[in-house]
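Both complexes shown next keep chain A, but they swap its partner, so chain B is in the first and chain C is in the second.
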Partner chain A sequence: MTTNNHSDPLYPDHEWLATNKSAVQQLNALLEYAQQVEVFSKKADAAFRAGQWLKMLNSLKEEYQALEQQQYLLNPVYLTYANGIKQALSKEAAVNVNGLKAIFAQCSDLIIREFNLGATEQIPAALVMIEGMVDRGAINESILKPLLFTKYNGDINGTLAFIKANVLSVANIKEIRTVREVVDEVLAGNAILIIDKSDIALVSEVKGWESRSVEEPDTEAVVRGPREGFVETIRTNTALLRRKIKNPNLKIEALKVGEKTQTAICIAYIKGIVDERIVQELKKRLDKIEIDAVLESGYIENLIEDAPFSLFPTVGNSEKPDNVSAKLLEGRVAVFVDGTPFVLMVPYLFVEAFQVSEDYYSRPYYTTFIRWLRWFAFFTSTVLPALYVAITTYHQELLPQALLTSIATAQEGTPFPAVVEALLMQIIYEILREAGVRLPRPVGSAVSIVGALVIGEAAVTAGLVGAPMVVIVGGTAISSFLIPALSDVNALLRIMLIIMAGFSGIYGIILGFILTIIHQCSLRSFGVPYMSPLAPINVSDLKDVFVRFPWWAMRTRPRVLGGQNPLREKAGQKPKAQTNNN
Partner chain B sequence: MWQRRLIPVIICILLSTMLTGCWNRKELNAIGIVQGIGIDKTPEGQIRITFQVLKPSSKGGGKEGGSDKAVWVTTSVGATIQDTVRNATKQSGRKFYVGHCKVIVIGEEVSREGIEQFVEIFQRDHEFRPDVLLFIARGKAQDVIEADNLQEKVPASGIANLATATFATSNVPKVTLHDFAKTLASKTSAPFIPGIEVVEGKKDGKPIKVVQIDNTAVFKQDKLIGWLNKKEARGMLWLLGKVKSGTVVVNSPQDETQRVSLEIIRAASDVDVEVINNQIIMKVIIKEEGNLAEQASAVNLFTPDIIHELEARKRAGIEDEVNAALLKAQQELDADVFKFGEEVHRRNPKLWKDLKKKWDQEFPKVLVKLMIEVRLNRIGLHKRPQTAEEEG
Partner chain C sequence: MLDAGRINLRQLCLLIFISKNYLDLTYLLVLTYPPANQDVWLIVPLHFLFNLILMVPLYFLWLRFPQKTIVECGQLIAGKAAGLALGVLYIWYFIHQAALALSQFCEFLSTAIMPETPFIFFAVSLMLVSAYAVWHGLEVISRVAELFAPMIIVSILIAVLLVSLSGNINLKALFPMLEKGFLPVVYGGFLSSCKSIELIGIAMLLPCLNRRKKAKAAIVCGLLLHSLFFLIIALTVLGTFGASEAKNTVYPFYDAIRLISVGRFIERVEIIYVMMWVLSAFIKVTLFYYLAVFGLSQLRLKDYKPFVLPVGTIIIPLSLLVAPNIVELLEFTSYKIYPWYNLLFIFLIPAVLLVVALIRKKEEDTQCGSADLSR
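Up next is the complex of A and B:
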């Protein structure tokens, strides 16, 4: 039998190619098989005639079994599927079942439960599913039991309708007619019922696999606010979102990406709030994706982002339903990807890195203070080590006398130039951080001890690095934790600026800074300027940037997102004190 | 295709940014941080500079080390300042960095010969700060730089602190390099620099040499010509409106043997020029406000009459100081430390054209008409001494 070289036998996609050739190929395959059978018969015949059949018995047996095996592959269901044709199911249950067996050959997790419907009618039927992806209880109680203990009449079409209407106690049932659909549904974790004399299969949705329960995510921890986080199952995730926004205008459009993984993806947005052009653009970009596998939303992010060569992310992500809901209500679009709790959100603006969901749950004054602190920390964590290098090696006059004295005292006798020292400490810090993330929890504390002792204490005592440098790197590290969304950008920018400061002092820092800002201003995320509402300035949107206005004052959604329905609330929401008439 | 052409352009732009930048990278442990400079002349007529250089202890943490001086002192000789500074590296092994130099002390002897050449390089060199403090040593500058300080581990910082603290008495001025150069540039005004001298002090029972600020050196152009004592210096500062604080001590109105301290809270001066019959009259209004700070007499001073009397005495005290300054500057030194020339220039530019050339002859003849307004605002928390009689 010839295999089709042009299409993938596991998942055929090039139907245009296959359709033209399939008939020929099918015939070729049959012919080849027939020839092989003929060769085998002749061989066996010759062996008998020669009287040596006892000798050849074993090899003949093997050959016969191989031929029998091949016969499976001649199953029309399998052949059409392998050749990538949208082939209808066969009327014979056995053909369908054998076809599926051939398609799922060597898939030990496939279960095909063959049985007969009814005690008297004895209609052959089969239930196909993948073990571990279906809910066993539901299969046994809601599907098999009613199917086996119900009486049917002889009419097959009637039987199917009867089963659908009266027998299966499953919420979601649909009819499918093609082999490909059957395969997809089986892989999606549904149970397929195939009945003899019917070319329609019934899909019962009984998905039920082991999954993590909804728990508080490690990222985006809050003191006040909902603690639930997304899980790895897309339906659970969309349900978590739906529970927040109980409105039919919350649209959750489904599609599949990944030729091998067939990963489910959902685009969620709120019709009437979102700028439709953003949704269109997102769909266009998602449609363009042709990749074999999507294992995490990072794959999608890489494939749809505006500035793939930029350090700065132009697609946001979150692990929390309340955060995603808030973004949708501002007019953003979310992308759920099956298999990951991280949901993507576009458009993503620079200022979003400084906004945390808890900001909107706490009172505005402290929040505003924290916002300033975040901006300050971002600035510090990017520039501080570079500034230290620049000032101590080029611009000593900028330091106050007392500070210069103590720094000079500490640097006395350290072997490396300041820039090397800064880079070294920075890299050691990154190593420690990465080690802390990757290590198993029980070993994690060892890292912090070694880090604190060796780097903090011993290195200074041994005179390898100056104490101020340790202080600077430590302060920088802590500052960078305030803006987790930009921590990767931060680390890279920091190292870049340290190098520039080492080469050309504060001039280098300013140069690097200007280049960075120019670059940031040139970015766009799904048509929205990345630095907005700062550049271009949008005064109305500034109420949620450096200052978080109280909710009664944040009447409009961010205008830069171009939504259709800018008003969030009615005017005059500011609470008034009840005047006492006495 | 256009991208392929763009890449070299971008590379060129990026590389060109590396053409500029901050030049002269110097690690902290490769420089000697100069804290103070003393300038003298050798008998051979060469310049001798004494440097006070920070000595960072390698022990880490500036606090330990106890009574050790945190500096070391080195001297170097050369033909010019630049030459001398460069020569200093022959001993130190570290390049001297003067961006943090606090004080420049100039020897009295050199000052009499003129100090403009020093001021010139200190201004020209980018490292020197314009606000570095200037002092004239009574004697050799080297001694001042080598002297110890009772409190500070860096004696130069001690001198700088001394200047700030002493300035609060308004008995000596505080003069920075910039101030001096500015006055020098006016050609007719006489610059002044506080003097500093080495005296005996005691630390831990051992006699050591310490410095103290004393008197004020007056210059004619850039040459030292004489000294003002504390009283004269205060008188000069009154006229310049630079008195900020201090005390005026007067006799108690009720008991002439006892003293009363009157604290100066704020003061200002206003100078106007009048020419009558070719006689230049400077009309100076000095406004002063102050409090009663202490009194030694056992009488109640808290009556309007006595307050007025105290004000009158304070006015007389100020007038006395101003007159002493005028006498010294006009008659003895013929140095316009009061910047009267500049005032004439400002108020009467036409007249100044003629006067400018012969200001040295005109200045001693200038008449000063003083108007002193004093006020005694508060007498403190205490109404009268415990032993004083209560008024009916």
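Up next is the complex of A and C:
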């Protein structure tokens, strides 16, 4: 038996051929194949002469099939495609079809439907598509049926134009001329019609795959406001956005990223509002990306963010069309990535973490209160455990007498110093949280029981941790849920501050605070200072930070985002009560 | 001038305010200045006026050389060698001031707040944080100041409110007025304004302004804001302790805050004080640290970043040297030596430079200087 590395013409060989661009190596492949054929035929010959062919029949058959499969690798269309040469389609349908078969060898989901055009003319043609990515009904009714039952007049150039104009009942049709385009279109989920004696193929857009329906996202639940969220299909997502902003100035530019995955990406912005420099910068950064795969927008986020070593995110994301529309109307740029409902938005500022889409749909008073509450919660959830550690370790005198007594009683007899206790509880909390997220739903309740009872009650009763510490960690955890956008930053900062408080008390916390602020002030997101409008202070933008002004008072878009089209409403929108003259 | 980053008028104003306010928060040295009785609060308006007068030579020097800091001006006006010497002198002055501010900071923390922790720990830790800020440059420092200023202002107001709610302030302590006559008050005002080392800081920062038009307004606003809080703090302290007792407290405002007790519920709010004080100290130390590094880079060199750590390592031991203990520190910063030392740098040298520039008709080449800085 000949056993060489070509007996299994699978991925490695593809790779080998695909990465070699020299003709010499192609010739080598050809030569090797010829040698294998020679070896095979000699063996078969020997078997026949020896009269043992009946015994060897099965093994010979297998070997023959393997050789036949390998033949695909020698297909000229395949070789040019694999070597990245731009190859025009052949005039002969058979060559094209065989080439495609070779390119898509071992791809069982490829369908090549070969047929003859018309009842009488007998022009060979083929329809190429990928099963599951196309709409079967549309293929049968709008493409195959009309193609098979129409009468053609024989002139081949005329036929193509005739088919395009009179036969195919598909909305979006285009002509393509190269093998690469055919492959890309097939992979995008379109049906390609190849006709004999024509070097132009017709692409009919009949995409239709299974996808999740538009539903309310889990990450950004609202009481008041639209419930729809993005899905995994990029076209659906851009359509959801277009439905919100019905304006041709909403530009949605497409590009592809990911050498292997060829992921579709769209940059959306509103011309006339956005600062063009931000769009240019974003495009520049996206163009620089050379990666094999992009499976989620997080890949892109990592590759375009300004501060890769920072705890703080400088690229925002959202799952809701209304949210993205609002950001675009403020002058931001959105990046849609196929295959994920999370849309990226730049520039991203620190204060955005404290703004929720529902803020703008509710009345301003309670919203303002909630805004204050969020700032307070962010502050407490980062500082509270550290403050507790600092005060119980270094500055007991800062507590009022009654509080000091109750804390001292509770902490009495616990084995660990406060800083160790705080760190332990913090880590246990993070474990519980992570377990709650990853576990299947039915088991989730077990975690909460274990968490609440064992960690909370039992640990205190057993005297392992003090009850105040449990209260503090619990309060911290709940506070951190108010600002989900910063929950990861929050957890890490908290641990850092606990350690600093353990070393040098309140002074340590303040130093940690100053360090964080310096770091935040040094960040920029696509040229915009991360802490604006707080630092540098921008007074006109402050009306959407600690206070949410009513809509009739928020007349200007955020200045920091370019502000080339600053006004968003006419003056005098404040409603006036009608005086009753009756 | 090398591009050091730009600051705007508000940032300049707030930097002046925080930096000047820093000392009044703790030491409130003005209490011991003449007339050293219940009239010291009258010093404040005079302090403001004298500050404006002392600013005159620096301001006019800047008008003649809008793109140059005083370190660079020296070389233009007084010639290469003398200018270089002047520049070195000013850099020494900034380093000294940073060390002084640092030692004032460490003395307070290691005597009042955390007596078990050694001085050097505070010095090193604050300098590390400052070095981080200085390394990021002027823009970041001024943004941080912008964030801290509201916190400091609100904290002071809350503290003063709580002190008055506790019923500790007795404004009768301010009378009789002008017991020793008016002249000692004027003298005290003059001495206390000589302590305003920020004036030279302003002069260093003016060339970094992004809009030059309203620089005067920003300076006046910063000084006015400081005077306002200076007055509030002075009145609070005088009202709480009375002049004679206040003179003997080392940390008057801190002690006033320690006495807060509102409804036997709000007590021991020193934490507010410590917070605003560390924030102010950070801004002040960082500002002068930055000015030293920045001035050093202006002598010859292109970039300031290589100087950040070396200058920092000079400041830390220097802060130990200038004040081996709190008594010597207070002695040095009292009205006997310190104002005259400062007066040399903030008034006399700039005034001489201005006169020389006027006589020798030196002026900045406006063609390369007046690039459009407005954004």
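Here, the second predicted complex is superposed on the first by the 507 of 582 C-alpha atoms of A that agree within 3 Å, B and C clash if a C-alpha of one lies under 4 Å from a C-alpha of the other, contacts with A are read in each partner's own complex, and residues count from 1 in each chain.
Basically, contacts are C-beta pairs under 8 Å (C-beta built on N, C-alpha and C of every residue); 3 or more make two chains touch, one makes a residue touch a chain.
Remember, it's a predicted structure, so these values are computed and weren't measured experimentally.
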First, second, both or neither for A:Pro529, with chain B first and chain C second: second
First, second, both or neither for A:Ile518, with chain B first and chain C second: second
First (chain B), second (chain C), both or neither touched by A:Ile510: second
Which of chain B and chain C A:Leu147 touches, first, second, both or neither: neither
Touching partner for A:Ala125 - first (chain B), second (chain C), both, neither: neither
Which superposed partner A:Cys266 touches (first chain B, second chain C, both, neither): neither
Partner contacting more residues of chain A (chain B vs chain C): B
Contacts of A:Thr414 with chain B and chain C, given as first, second, both or neither: first
Touching partner for A:Leu193 - first (chain B), second (chain C), both, neither: neither
Shared chain A surface residues [contacts with chain B and with chain C]: 394-395, 397, 504-507, 511
Complex contact set, residues of chain B against chain A: 17-18, 20-22, 24-29, 31, 33, 54, 56-62, 70, 97, 99-100, 102, 127, 129, 154, 157
Complex interface listing, chain C residues touching chain A: 8, 10-11, 109, 113-114, 117, 121-122, 125-126, 129, 132-133, 136, 140, 142-144, 146-148, 265, 267-268, 270-271, 274-275, 278-279, 282
Touching residues on chain A, where the partner in the complex is chain B: 390, 392-397, 401, 404-414, 417-418, 460, 463, 467, 502-508, 511
Sites on chain A touched by chain C in the complex: 394-395, 397-400, 504-507, 510-511, 514-515, 517-518, 521-522, 529, 531, 534-537
